[in-house]
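Next come the structures, one after another.
You will see subunit A twice below: alongside subunit B first, and alongside subunit C after that.
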Partner chain A sequence: MIDPITGLGIVALMGALATIAGAAEDLESDVGSQSNPNSQVQLAAQMDFPHRIFNKAISGEPPAYGLWCATGATVASVLLAQNMSVIFAIAIGSLAGAILLGLFSVTAHMGRTASQKRFKQPIYMDMVIGHVPSIIAHGFIAVFCIISFSYIMDHVLSHPFPLPLLAFLWGITAGAIGSSTGDVHYGAEREFQNQPFGCGLNAAYSGNIVRKAESGLRNGIDNVWACAKFGGPVTGLALGFTVFFDNWRSTVFSGVNAVIAGLIIVLILILANRLVEVQGRKAYGPFKDEDGGAETA
Partner chain B sequence: MSAVEGGPASGGLPPNKVIAIGVIGGLAGIYLTMLNQTFNTTIFSVMGGIGSIFAVVWGADAVRRVCSYGLGTGVPSIGMVALGMGIVAAIFGLILPETGILQIPAILGPVISFIVAALIGLVIGLLSNKILNMNIPIMEKSMIEIAGAGCLVMMGLSASIAGSFAFNDAILPSVVSTGYIALVFIGGAMTILHPFNANLGPDESQYRTLYVAVEKAAIIMVIAGFASLTAIDAVSAALTMLVGLLIFLVYFNKFMKSVHREAYKVVGTGLLPSAEELE
Partner chain C sequence: MIDLISIALITLGGVLIGLGVHFIPVGGAPAAMAQATGVGTGTVQLAAGAGLTGLISAGFMYNFLATSGSFTTSDFILVLASGAVGAMIMITVTMFIGQLVYVYCVGVPPVSAKVDVDPITGDRQDIYVSKGTEGHGVPTVSFVSGTIGALFGGMGGSLVYVQLMQIGNAPSDPAIVALAGIFATGVFYVNAVLASYNIGGTIEGFHDPKFKRVPKAIISCLVASLLCAIIAVPIMGGVS
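Showing the complex of A and B:
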């Protein structure tokens, strides 16, 4: 049993790793438009809006991150079993996971674009060459941090699950948080930057995403530049808090007390969410268009 | 996605042929790992991985057929369902002869798993159509196929890591306790769901989708081969990785060629198509 102060330090370290992982995970999904915002990228070409935005329809983020992290952790466990140093084993494992992510990105983008032949969406090879390394790089940071805190959980906090299983579960969690938190910033705001703020997505605007940048044509790298200012960090914070609070309660309390502490944390979060929502509604109210009056759903 | 909604998938290999390839290839691969025990070696573990590729092709084709009815965002979910059903059935079938509750020879394990998977698939298919009213004409048949394929992929990859499909002696210590089962589960699910999801669109073609299935199954086989380093000897593990890598290279190349052939155009770089071009 480790002493409480060291325990809290370890939990804080895990929270920090998870924050970096969450931010990198969300930004990686923004480079390639994975998950929810992808449906508008897919729709754009079909609505006669051909574009130069990467269409990375691998699958939802949770199963995808489950696979990258499970792969990375499997490779790392094999290397650890051969007595390799921990940092090297996790780094090589994460590299394997990130390269797998790159391979899936290539088939997803090229396959989907080829299947849009009748809408005359060309495949730009410079996009594949330019975006995939950025996807692999962001993916590597995310997978490395997730496997690292899973390793700490497994070997320092003595979690009963083996490393690949823990990394798999945390990968799914990271994907789910990235998909629910960060996607809003990219999908609702960046993709539809040309619409008035808060107007909602009218069906007539479906697929009419912003395709031109400050200079030239917009691509995934421009999107990640914008999302790195808010969506990515917020996702990181969400995953960081999840990992920190979850481990904090089981480090400080034990047995039934830990469960009660968990329930109290969830209750406080629900109340806080409700307060923010009510305050937001009071401050901004329903959307009114510029001519005044007409409310949209 | 509108253009792909509401109709049966068409073209290329007929469904029954793919089913035959998947069932026979998958089961044969799993059973051929028994040569390991016969010849007292682990070199035949590679057969489990090859069997899983056949099963993935079948699973991906079944996903393609059922998802052509406009499932859209449901494609990833259906892959997860496949391995969810498959993994329960696989473990049940492999463990049943070893518990001694029923007098069944252990060699029948994979077949029992396969039948149980089909039954679970049937129940899920009936629930989706009759209770959730999804009303997809081929739902029951597809769920049986997807569960069966998921179960074969799970057994094939496990056998290639452990060198045998005996549950208590091989799969439990080298796949379940080590946690590699996470890779087998999510790797199997992603290889079944990704090919159709990656090629979704009105101009999707069966060959291109199945090329992705083979290529992705091969890359998971490479990782399974790497994981098997802790269970079987290095030469056998290297063989699994090498064969997987070769299959991956061949089919990735085929996929790239078919993309270059079938896309509207493949350009190095360029501006967006002009308004006249889009007319």
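Showing the complex of A and C:
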């Protein structure tokens, strides 16, 4: 049993690693365009808007990251069993997961784009060469950090789950958080900067994504540049908070007290959400008059 | 003789997961473009993310209680509560951060398109829905609904895990832990996917008319979980 101060330090380190992992996970999905916003990239060519955005919806982000992390953690476990140093074992394992991500990215992008030949969407080979290293690099950081805090949880905090299972579960959680938070910045804001800010995207504009960049034609690298200013960091915060709060309560408290502490955190978040909701309503609405009639502009 | 109580409890866990998924506000791809109320991801994705975080918490608590002495009924309940709270923390953090993106980055107010007035806050909803959308963001009623959904999902996943561990009767054996953990994950996905088909894409929470479809999901989750339990229990050693 570790003492509480050391335990808190370890939990803080895990939270920091999770924050980096969450940010890298979201930014990787922005470079390559994965998850729900990619439906618009896929749709764009079909609506006669050919583009230079990387198109790789390999699968939903949670199962995808579950796979990369489980692969990396399995390789790391094997190397650890051969007495390799922890950092090297996790780094090599993460590299294996990241290379797998790169392979899937190439096949997913080429397969998806080739299927859109009838809509005259070209496959740009320079895009494949330019985007895939960035996807692998972001994926490596995300997988490395997820396996690292899973390793700490497994070997230092003595979690009963084996490392690959723990990394698999945290990979799924990281993907779910990235898909739910940071991707909204990419999908609702960055892809549709040709619409007025705050209009809420009218379904009639589906597929009409921005295709011109600040300079030249827009691609995934331009998207990650913008999303790194908000979507990526807040995704990191979300995963970091989840890992930190969940482990903090069971490190500082035990038994029923840990459950009560968790419920208090949940209650605080419900109230915080209400404050943000009230602020949003004051700032942006209403869009119609009180009778629900004419638009107020 | 096959362990019928374990089969019943694992089936109950599966049904709780299926029920919980219906509470979670997910808007799928439209919500990722601020075209629908709820979190901008798929039903299964968010439910699994929350439920499996709960499973990690439950695994921690079970290991602590089961290896330090006899495992009593109150310990059993404590593990389920720990799993439920773990899932609730994940989903509330995710919905809150998602809300920050909707309000401060996309510039839309959180609003439900399925009800005219939020049943919890009493706020008018219909006049805040922007043109051509089915709502956006996570209003309070959806937020609370999501929290309840995570409670059920986390509790259900933990129930499956704990019961499988009880059958295995070796809390320190990594093979038993891994088997129970992966089975619990599998049962979670089976029921989350079934519930997702019942929802058919998007749901705002318990106030959504689609929520009335819950009885159908409970029956199908009951059958599917029963089959999972009949396979899982003998594998874990629940036949004497």
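The rule we apply is simple: the second predicted complex is superposed on the first by the 285 of 297 C-alpha atoms of A that agree within 3 Å, B and C clash if a C-alpha of one lies under 4 Å from a C-alpha of the other, contacts with A are read in each partner's own complex, and residues count from 1 in each chain.
Keep this in mind: a residue touches a chain if its C-beta (ideal position, glycine included) is under 8 Å from a C-beta of that chain, and two chains touch if they have at least 3 such contacts.
Everything numeric in this text was worked out from a predicted model, so none of it was measured.
By the touch criterion defined above, A:V31 lies against neither subunit B nor subunit C after alignment on the C-alpha atoms of chain A.
Legend: residue contacts after superposition of the two complexes on their common chain; A:A57 is shown touching subunit B, with no touch to subunit C. With both structures placed on the common chain, the touch criterion links A:S39 to subunit B and to subunit C.
Of the two partner chains, neither subunit B nor subunit C is touched by A:A142.
Of the two partner chains placed by superposition, only subunit C is touched by A:P286; subunit B is not. Contacts of A:K117 after superposition: subunit B is touched, whereas subunit C is not reached. Of the two partner chains, subunit B is the only one touched by A:L103; subunit C is not. In the superposition on chain A, contact is made by A:M125 with subunit B only, not with subunit C.
For subunit A, the partner that touches more of its residues is C, with subunit B and subunit C as the two candidates. Contacts of A:F161 after superposition: both subunit B and subunit C are touched. Contacts of subunit A with subunit B, set against its contacts with subunit C after fitting on chain A, overlap at residues 39, 60, 161-162, 165-166, 168-169. Per the touch definition, subunit A reaches subunit B in the complex via residues 39, 42-43, 46, 48, 50-52, 57-60, 63-64, 66-67, 70-71, 73-75, 77-78, 81-82, 96, 100, 103-104, 107-108, 110-126, 161-169, 211, 217.
Only residues 28-35, 39-42, 44-46, 48-50, 52-53, 55-57, 59-64, 78, 81-82, 85-86, 88-90, 92-111, 121, 123-124, 126-133, 136-140, 143-144, 147, 171-172, 174, 177-178, 181-182, 185 of subunit C touch subunit A when the two sit together in their complex. Note for the complex: subunit B touches subunit A at residues 1-3, 73, 75-76, 79-80, 177-183, 185-187, 189-190, 193-194, 197-205, 208-209, 212, 215-216, 219, 223, 226-227, 229-230, 252, 255-256, 258-259, 262-273, 277-278.
On the subunit A side of its complex with subunit C, the touching residues are 35-37, 39-40, 60-62, 157-162, 165-166, 168-170, 172-173, 175-177, 179-185, 187-189, 191-192, 197-206, 230-231, 234-235, 237-238, 241-242, 245-246, 249-250, 254-256, 258-259, 262-263, 265-266, 269-270, 272-274, 276-277, 279-281, 283-290, 292, 295.
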